[in-house]
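Letters A, B, C, D, E and F mark the chains in the order given here, with residues in each chain numbered from 1 onward.
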Amino acid sequence: MSLELLLQNILNPPVLLFLLGILAVLLRTELEVPQPLPKLFSLYLLIAIGLHGGYELSKSGITSDVVKVLLLAMFMAVAVPIYAFFILRLKLDVYNAVAIAATYGSISAVTFITAGSFLNTLGGKYGGYMVAAMTLMESPAIIIGLILLSLFARRNENSSIEWKEVLREAFLNPSVYILMGTLVIGFITGEKGWKAMEPLFGNLFRGMLAFFLLDMGLVAGRRLGEIKRVGLFLVAFGVLLPIFNASAGIFLAKTFGLAKGDAFMFSVLCASASYIAVPAAMRLSVPEANPSLYVTMSLAITFPFNIAIGIPLYYSIINMLWG
Amino acid sequence: MSLELLLQNILNPPVLLFLLGILAVLLRTELEVPQPLPKLFSLYLLIAIGLHGGYELSKSGITSDVVKVLLLAMFMAVAVPIYAFFILRLKLDVYNAVAIAATYGSISAVTFITAGSFLNTLGGKYGGYMVAAMTLMESPAIIIGLILLSLFARRNENSSIEWKEVLREAFLNPSVYILMGTLVIGFITGEKGWKAMEPLFGNLFRGMLAFFLLDMGLVAGRRLGEIKRVGLFLVAFGVLLPIFNASAGIFLAKTFGLAKGDAFMFSVLCASASYIAVPAAMRLSVPEANPSLYVTMSLAITFPFNIAIGIPLYYSIINMLWG
Amino acid sequence: MSLELLLQNILNPPVLLFLLGILAVLLRTELEVPQPLPKLFSLYLLIAIGLHGGYELSKSGITSDVVKVLLLAMFMAVAVPIYAFFILRLKLDVYNAVAIAATYGSISAVTFITAGSFLNTLGGKYGGYMVAAMTLMESPAIIIGLILLSLFARRNENSSIEWKEVLREAFLNPSVYILMGTLVIGFITGEKGWKAMEPLFGNLFRGMLAFFLLDMGLVAGRRLGEIKRVGLFLVAFGVLLPIFNASAGIFLAKTFGLAKGDAFMFSVLCASASYIAVPAAMRLSVPEANPSLYVTMSLAITFPFNIAIGIPLYYSIINMLWG
Amino acid sequence: MKPMKKVEIVIDSVHLNRLLETLEKAGVSGYTVFRDVLGKGERGIMAGDELTDVFKNSYVITVCPEDVAQKVAESIRPLLKKLGGMCLISDVLWLEH
Amino acid sequence: MKPMKKVEIVIDSVHLNRLLETLEKAGVSGYTVFRDVLGKGERGIMAGDELTDVFKNSYVITVCPEDVAQKVAESIRPLLKKLGGMCLISDVLWLEH
Amino acid sequence: MKPMKKVEIVIDSVHLNRLLETLEKAGVSGYTVFRDVLGKGERGIMAGDELTDVFKNSYVITVCPEDVAQKVAESIRPLLKKLGGMCLISDVLWLEH
């Protein structure tokens, strides 16, 4: 990865605001973005990306290429939590291994969005169906995680998994639902719908992302203090697994002939870890696992790593391979 | 009403987001737009429509046509709660009849705004004074309701109505106040003022409406479960009275020669029911009435009906009559 | 000051919305902009002004003129709280004198922003470094105040000032931090960064200011009732000191040859009083002082005075001197 | 530490102002208010409605001497009868400072 | 005024629904819920995390007769054992209206 | 169920951190915090001011054994004397789990 690319990524208002947020915590300022403003930003970003993705999809149509991407996405969403689990079991009990594996099997929408914004500044493009791929990749890890749990954990009756609840939590959690819904709405209403929504959900997008990343920096910064309790193994895991996942994604993308921009976004999806949907699901279904581990790893290690270094790194690899 | 018109209304991002909100509740997702974000959206919409209406009014001036519309608005705002009350008394006690009658005598700003957005997509227009008409129509129903109450209910001393409070609640409730205030500000500052406000309060308007309607869908959806407790009579009332009110509005509009767009907006005002100002006032002044009835009817029956079916229905009638 | 200029200032949506907010309280409407929406607006305004100032600074570069302005800013930020303290001591105990002096020694970002918006409508301009000057002027008054306190108050051990806390509170309070941070980000990312942020942080700026001033009107209005308890001396102080400070600022600006727009913004900074950062710091470090005094003076007297009368007044003086 | 009575009240948010006036008239020296509290009681679920305060409770604590508590209870009873809600009284020790 | 038991419970917000179901099964006639409460206990600091409810508590009050309180305590104990949290019981007088 | 003391404290939100530090030093095992509580007392109305925490209270509950409660009371008294606020102590039963 060239230093230039790294700087091009970092010296951008969104990433700098993220760092400003982290620094605010380190310097113990009392800066905060109080609840529920973060929810306003995350809702906005999900709706914006859903509507825009749906609109793009309505232009391109659902081609065999689209189906290919979706199948690859599905495959990685199932594979990652499984191999992550067995790696984690080397050091951790079943509960924590399940929760962390599920966290890394799923994705982070904000990482995806930041990568898209980075790609745009370089003049690149990705297909609207990548948003569908992202949506597809959110949930399977939760199911896989709980299957692993019921296979490997001996829990007493009381703790039996309520599958109906779990399936709802997995497939109808707010972010999956809103992404899916707005994707469909964007697809149905096409050009005309998008033109009406663009002033809010298109033009303001990068500014809102920057604003939200300031808050993400605060949230990540607050978790930084917990890193020492996470231990070296998990810190290394939180950096190396994303790199490995991205590489696996790039390999698949090359093998199956994805376009350059799509390959990049796919690798970012593989590399990213969930910090909203999966932690909420794990807290509910695997209360034995320690949320300080999986939330801290996802928020304070993997997310900043991807935002600052991962994104240009994966891009430079792809740049080499796709030319 | 042609199917095409119905689809043209429904296949729009705002209405689809409203349906997405309802569906989110039916599917028991945990999607929510937490407080006070809904207040941000409703404040925004009120200010935007007030400023824009005032600006339009500053262009057209206050003509005899304007006075005509305002008088018609006043007339309907007084007439509707009276006849609604006597219809409701067929089945209900005085308290609930008063509360529901007041609810239907007043208006819903979001219904008005959605209708305006629908009109725009069809290339239609309405006068800025329609916003003044809407403002005028919010309050009288509360007063009429309480006059009916003091005429027909036997309450003990303790429950005597505090008229001063009631009048303040009616004429200075937040939405009336903000609409009136921004209407005046838009009127005073004219072209120059509007140009400065347009990027926020004009360009983003349709997107913000769509965002807010997602939340309105959630709120309406949560009330849907109460419909069975409301009973068939009131459900029918919640659909038929709006149609009747709209028809009465159309009849008056035709008789007094209103322009097409104004007639449409006027009919929507007549058809709509309040779910913010009036319920708050009724809860305070008529605690004997059951809020599950009037809030549910307004939010879960009449509002969705108007948004999805009423708006294109009234438009197609007007289209026939005005040609 | 010509009446025309006064009207030009007042008959603007932002100032009128401020008055609408005050009136809402006087009429006892229940209008409110609930928490944390005010924080959303104030964060937005700080980020917007920081990014834009940094961008402007990246165009002009850091010249000797810039250094001159910053030194003047520093000087006033130290001088004002000192002479304010001795004036206040004529009537008040040490604690309240310190707290009020610090309040007036610091600045109000919203007053600055409103002045900038006024200047723009008149076709004027100010340098991006004025934002840096503003940032510089926020904190010193807190330190000076606490130095005065330790010199003049006899407090028991328990109450000894925790200087480390105080310095952090002064230099790393949220508004100083965010202004400084976004100024640097705007400077670093220059033209390209600003272009990406402009749709949100540039185009919407005046609308957001107007929205926020509505809330500021409510907050100021709620404090109006306390004015009678503040006493004539402090009311006079709250109007006369700003005028004196602005005059001192104008004198310095003229002496040192500042450009017209910069001189105006500098005089507004000198005239304005803090109602966020300093009150929070005083509440913490000087609990003996009565917050009803310093918050009321700053919010309900000086802020409205500056917004409605001070801004055009200082401008007309400068217009005379600079021609 | 002084023995006092702690009075806890849950009431519809729309009627909060009226309750506070009643408390002041009964002579309490202070109170603490928690807005936006949810709940369930005889009159059904109060789960917030995001648009108005119609389905929202407020929770108020006031600490006072026995005789004032008695007065508070009496003046609140008709309010609760009409508007619903809940009122609890218990013993506490008040730390004097 | 009727002597009753006041049961106070602090639990992770994610498990609030389960708690309320348990209370209803135990036969309480009502409850009051305070969402978004922070705290510290055996399992560390619950300081909110702004993105999910993972590090947030809810605080619930339910007032009931002694026997119901007993039942509530029993049915809540396994919940608290597994999920953490706190449950307190004390005496109050309930103002009848 | 173990008999314990429940200590309730109302304090200015700006001084919350200092209070929590004091509690920890006094040896409490946990606490629960309600932020953004309004109120009225000797020092006037705390009705929130929307811009800072200057006119806002926080409400804290900590449950502890009698001796710790005593210690808490002592170490809190000077704080309340200087900063205002309120502290209550009462008896509760703590459900062991």
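Here is the rule we use: a residue touches a chain if its C-beta (ideal position, glycine included) is under 8 Å from a C-beta of that chain, and two chains touch if they have at least 3 such contacts.
Since this is a predicted model, take the numbers as computed values, not measurements.
**Student:** Do chain A and chain B, two copies of one chain sequence, contact each other through the same residue numbers, with over half in common, or through different ones?
**Tutor:** Interface between chain A and chain B is built from largely different residues.
**Student:** Taking each chain's centre as the mean of its C-alpha atoms, give the chain farthest from chain E.
**Tutor:** Chain C.
**Student:** If every chain is reduced to the average of its C-alpha atoms, which one ends up farthest from chain B?
**Tutor:** That would be chain F.
**Student:** Can you work out the whole-Å distance between the CA centroids of chain A and chain F?
**Tutor:** 40
**Student:** Where the CA atoms of chain C average out and where those of chain E average out, how many Å apart are those spots?
**Tutor:** Taking the mean C-alpha position of each chain, the two centres sit 46 Å apart.
**Student:** Suppose each chain is reduced to the average of its Cα coordinates; what separation in Å results between chain D and chain E?
**Tutor:** 20
**Student:** Specify, in ascending order, the residues of chain B that touch 2 or more different other chains.
**Tutor:** 33, 35-36, 40, 204
**Student:** Two or more other chains touching the same residue: where does that happen in chain E?
**Tutor:** 34, 78, 90-91
**Student:** Tell me the shape of the graph of touching chains, choosing from line, ring, star, complete and other.
**Tutor:** Contact pattern: none of line, ring, star or complete.
**Student:** What chain-chain pairs meet the touch criterion?
**Tutor:** A-B, A-C, A-E, B-C, B-D, C-F, D-E, D-F, E-F
**Student:** Inside the complex, what are the residues of chain C that reach chain B?
**Tutor:** 11-13, 16-17, 20, 23-24, 27-37, 40, 121, 203-204, 206-208, 210-211, 214
**Student:** Which residues, counting only chain B, touch chain C once they are in their complex?
**Tutor:** Chain B residues touching chain C: 35-36, 39-40, 43-44, 47, 51, 168, 172-174, 177-178, 181-182, 185-186, 188-189, 192-193, 196-201, 204.
**Student:** Report the residues of chain E in contact with chain A in the complex, numbered from low to high.
**Tutor:** On the chain E side, the touching residues are 12, 14-15, 36, 44, 47-55, 78, 82-83.
**Student:** State the interface residues of chain C toward chain F in the complex, per the touch definition above.
**Tutor:** Spelled out, the residues of chain C in touch with chain F are 33, 35, 38, 42, 158-159, 215, 218-219, 222, 275-276, 279-280, 283-284, 287, 291-292, 295.
**Student:** In the complex of these two chains, what residues of chain D are touching chain E?
**Tutor:** 8, 10, 34, 37-42, 57, 59, 73, 76-78, 80-81, 86-91
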